[in-house]
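Attaching a single structure in structure tokens format; questions to follow.
Going by the order they are written in, the chains are A, B, C and D; count residues from 1 in each one.
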Amino acid sequence: MCKGGEMPHARELLKEAPSNWGKWGADDEVGSLNYLTPDQVLAGKDCIRSGKSFTLAVQIGRPEGDPIWPGRPASQRYNIRDRGDFMAGAGKNYPGGLEDADDMIIMMLQGSTQYDALGHVWYDEQIWNGYSAETTAGGLKKASVCALAERGIAGRGVLIDMARHRGKKVLGRGETFTHKDVLEAAEAQGVEIRKRDILLIRTGWIGSFYYTPAEEFYKDFLEPGLTYSPELVQWFADMEIPNLCTDTIANEVTFEPETGVLLPLHLALMRNLGITLAEILLLDKLADDCAEDGQWDFLYTAGPLKVVQGTGAPVNPLVIK
Amino acid sequence: MCKGGEMPHARELLKEAPSNWGKWGADDEVGSLNYLTPDQVLAGKDCIRSGKSFTLAVQIGRPEGDPIWPGRPASQRYNIRDRGDFMAGAGKNYPGGLEDADDMIIMMLQGSTQYDALGHVWYDEQIWNGYSAETTAGGLKKASVCALAERGIAGRGVLIDMARHRGKKVLGRGETFTHKDVLEAAEAQGVEIRKRDILLIRTGWIGSFYYTPAEEFYKDFLEPGLTYSPELVQWFADMEIPNLCTDTIANEVTFEPETGVLLPLHLALMRNLGITLAEILLLDKLADDCAEDGQWDFLYTAGPLKVVQGTGAPVNPLVIK
Amino acid sequence: MCKGGEMPHARELLKEAPSNWGKWGADDEVGSLNYLTPDQVLAGKDCIRSGKSFTLAVQIGRPEGDPIWPGRPASQRYNIRDRGDFMAGAGKNYPGGLEDADDMIIMMLQGSTQYDALGHVWYDEQIWNGYSAETTAGGLKKASVCALAERGIAGRGVLIDMARHRGKKVLGRGETFTHKDVLEAAEAQGVEIRKRDILLIRTGWIGSFYYTPAEEFYKDFLEPGLTYSPELVQWFADMEIPNLCTDTIANEVTFEPETGVLLPLHLALMRNLGITLAEILLLDKLADDCAEDGQWDFLYTAGPLKVVQGTGAPVNPLVIK
Amino acid sequence: MCKGGEMPHARELLKEAPSNWGKWGADDEVGSLNYLTPDQVLAGKDCIRSGKSFTLAVQIGRPEGDPIWPGRPASQRYNIRDRGDFMAGAGKNYPGGLEDADDMIIMMLQGSTQYDALGHVWYDEQIWNGYSAETTAGGLKKASVCALAERGIAGRGVLIDMARHRGKKVLGRGETFTHKDVLEAAEAQGVEIRKRDILLIRTGWIGSFYYTPAEEFYKDFLEPGLTYSPELVQWFADMEIPNLCTDTIANEVTFEPETGVLLPLHLALMRNLGITLAEILLLDKLADDCAEDGQWDFLYTAGPLKVVQGTGAPVNPLVIK
């Protein structure tokens, strides 16, 4: 996938890239979420106009399958007990006649709409804030998703509908865009991206999973998305974006087209700047509504599960307009 | 646990109890969440003053254990890959030098802070809205938690701190209270419970899990909580409460003291009135803050996971004041 | 798949079929394994000549996938701890310097080479020996695989290589054969099938999984195998066969060609006669050896796992010639 | 637990201990199982007299719990489908009326009667045969249990009943014995331990799990068992013991009493000599029978599951006398 020459190591690619390590102290585990002060929450409040709300997670455990990074196993949900057990005399004999259904799940913590822990990816043996990557062994002792989840995410969110902006139902395989495209789309939508906004970008990709044969969706897996450039990284740093959310599995074009490097923005934005990534959101209904009423900003809220030492956690973000 | 006489069946106990079946159509699966119209969301917005936010979930997968209904197995989280694998030469060889940590979880869907599906409990072979309890077999085809999760929960929330009201750190084993006690506490707190409010009640119980030896916490398991009476059920119906949230595992006293019936409010409130129950919340920090600033109402938001056919789903509610 | 007319219900198809219910008492849970008396074990001993041994299970958890009944999820094995954890400082600090690797598995109990519990399949609401099928709810309270596993299986085994007999590497999709074909093959092989022998039949099917693309192996899933006839069932009854083992996932042609009925021999042989079924064996190496030395009988031993209330259990049979 | 002085590292303790590395080639993954030639199988055959057979595994998934190394989670078995589902209309609609029960399991691979892979434990960064311990990362690429399972175990087995020899129902916590004690017991039992015999030693410990309160069984966990000495290790080496099986969870006294070192025989016997260890066997019924008929030798067979890259695998050994 590299256009020629040798593939650079991330440390080369990013050697002059900005870093927020230490900015919030040596003990920080939530990174750019620190930008989400009460003022930002109030900025989100100010976007509430009609009281409409939207949930942004995909469903988990559809018999037909869920969108998931290739190689990760599908979620499995099983009933432990239900009416059938009571009919067959195997239910619990609860005092008073109550009957119940109960179930369990086996799932990858990054197997549905989820927040990445800041320590989820790294290079050069250090994760966010300079913690040793060895702290990830057996479970994230530092910068786990639990830290993000304890804090929660709330602030002004802005949706940029890149697919709609380009007049497409869904962006193509490997189709890229930059922060400048994002700004153009924002202008076309008539919405301002302000400092410290939570940025949601729609490509239509996850929505396409539900109408595309699985073999086709996963074939030579290559998502559309933002693509790396030093200017783009600097823009994210300058804008103090606390959280980037997209309707793709990995929030950026799978391989950076110039070099073939895998997911360099995970490294530049998450590892270096501490920007939290939320992935696999389904943004189609929200986008339709925003297109209809012309309001592209809102209060964005998200409570990822507080999974101790988790590398990520499922979440169902809720947006209020 | 029954004070004498024969234990009544729930159908006897509740034969004159109010019902909301059919109120929102024969196809309804979200019950009293229908009360949460945009007006209620705006009522929640009006409670946002300082921009402070709080997450209300318990942690999942602590090595020391999590609070869980007796008999349910503990959550298990396992790393699939981490820095150790890369050190030992077993990591993925991603182009560009990215390394990552990945993990999975095995958990009861009602094994942490969670929303009950409306079809989670029943009596007399019918769940919420009159659907046959047989629809629960193998997975909830009706009134699953996925319906609640697709909708999401947002509205004005009010916290009643029953423990603080009674001058206790935590209510005692099996200690009960009624809607009248709730109203008294509200008055003492200086907050009004309005129609269609999301009601959060703090007993201190889940918080006590973290400073009580496990054997003691679980011994002859008997939680404190609301206790059944026809008047209480009618009050919930009249107040059009969409959602009851508590810091206990089952939201009501485990056994109704007069009759010994297990969890009759699950039946009266959830099965019959369609009131959603959120359980195992940790309300201590929020309560401390409310006691300090005197503001006991807020915007309550919650996005349970969209588990297809789930009997319940984990959630990390987020509250904004 | 039915050749015409209405598909008969199993109860019609088998209404005059022989039954062993009650033969070993009302409490029996192991059925035809009762035929495996010490005499049969000694008959197996007499087949030991060279001391060569063979294991007959398939591997579990190959990254490339394992053969499994369509729709069942694949086995997942995960390391809990290994050298990588110790390198990264996350190992256990055992006194004296020992380090260790530990792992866990999630698997269908019938997802690899396995014994079916006698209560695994049924019709007309009764399982083996007349127990109510309701005893299967939540776990097999009767005729579970644990009963078979406590007893264990040992006796004279005979391998019939139907594929080799027909000059094929593997029988075709849906290709059938009868007990008469089995007897002809035995004669051609120069081996006698005696009363109470453990019967192993090779079709080459499971072996073909490893050299056939998965899409092709599973497409319109239709295994070759024995096919139902009243005479065949009577032959199994008369021969007092305790255990039928094959290298297919379900031990018989998937759909009975005359009627389209699914797996009628499971019902006629297992439910009615109590003959234990072992499935998904890999018989290729054993068959090659038998063809080479001309010895087709041996001591067959098998210890399925003692899974309490299990519908089946994995096993790795061991054969000694 | 150390009697004084500094605790030696295993590399000190075992620096002059015998090793079989390289003995069976640089590629060997089954170690002392190589001693189990066809001759040894025939020696086992010669012990078959009455045709009696015994299975030696513990049950898996008892509601009351199973014996397991402290900290490992219990096995969980769940029905996926059963008669209750069919009663409630949620069964499969199989052609012809067949109904079925199906289930799955989540278990530690060393959470029941099991064989340890030769690469399960190590010191000084090398496992059996000198393979790098880094080969264990993510799964055992070398010396996994799959290699043992492909080969299978069959040979002459001898049971030494140390508990009976000492006139006890069960050995005490931390009670030790040596190879000399084993030889004395053998002599008292009237059985000869020959070169290349599979050695089974009964302490009564696993049996005691079933009649001892769990808190007592696990309290300050300290099993009875063989204890390290250079002479004992040399004896195992000289006797070319291929396989040691006991009714304890870890086959030796938990901490070596002189030094406090954890499980040094795992290192001396398994890592260095390649002797396979089978653990958590239940030997009580077999021992009773041997005591009654005076026959303490037999054909021992075992087929651990062929778990790819597994650190261990469950097994249900079958013994024939």
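Everything below uses one rule, namely that a residue touches a chain if its C-beta (ideal position, glycine included) is under 8 Å from a C-beta of that chain, and two chains touch if they have at least 3 such contacts.
None of the values given here were measured: they were computed from a predicted structure.
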Which chains are shared contacts of subunit C and subunit D?
A, B
Distance between chain centroids, defined by C-alpha means - subunit B, subunit D (Å)
46
Measuring centre to centre with CA averages, how many angstrom lie between subunit A and subunit D?
46
Round to the nearest whole Å and give the separation of the Cα centres of subunit A and subunit B.
26
Which residues belonging to subunit D are in contact with no fewer than two other chains?
80, 82-88, 90, 104, 106, 133-134, 136-139
Based on the touch definition given at the start, go ahead and assign the chain network to line, ring, star, complete or other.
complete
Footprint of subunit C on subunit B - complex, ascending
78, 80, 82-88, 90, 104, 106
Residues of subunit D touching subunit C in the complex:
1-2, 7-11, 13, 37-42, 45, 48, 50-63, 72, 77, 79-80, 82-84, 86-87, 94-112, 117, 119-125, 132-140, 146, 149-154, 255-256, 259-264, 266-267, 301-312, 314-318, 320
Note: in the complex, subunit B contacts subunit D through residues 73-74, 76, 81, 84-85, 87-90, 106, 133-134, 136-139
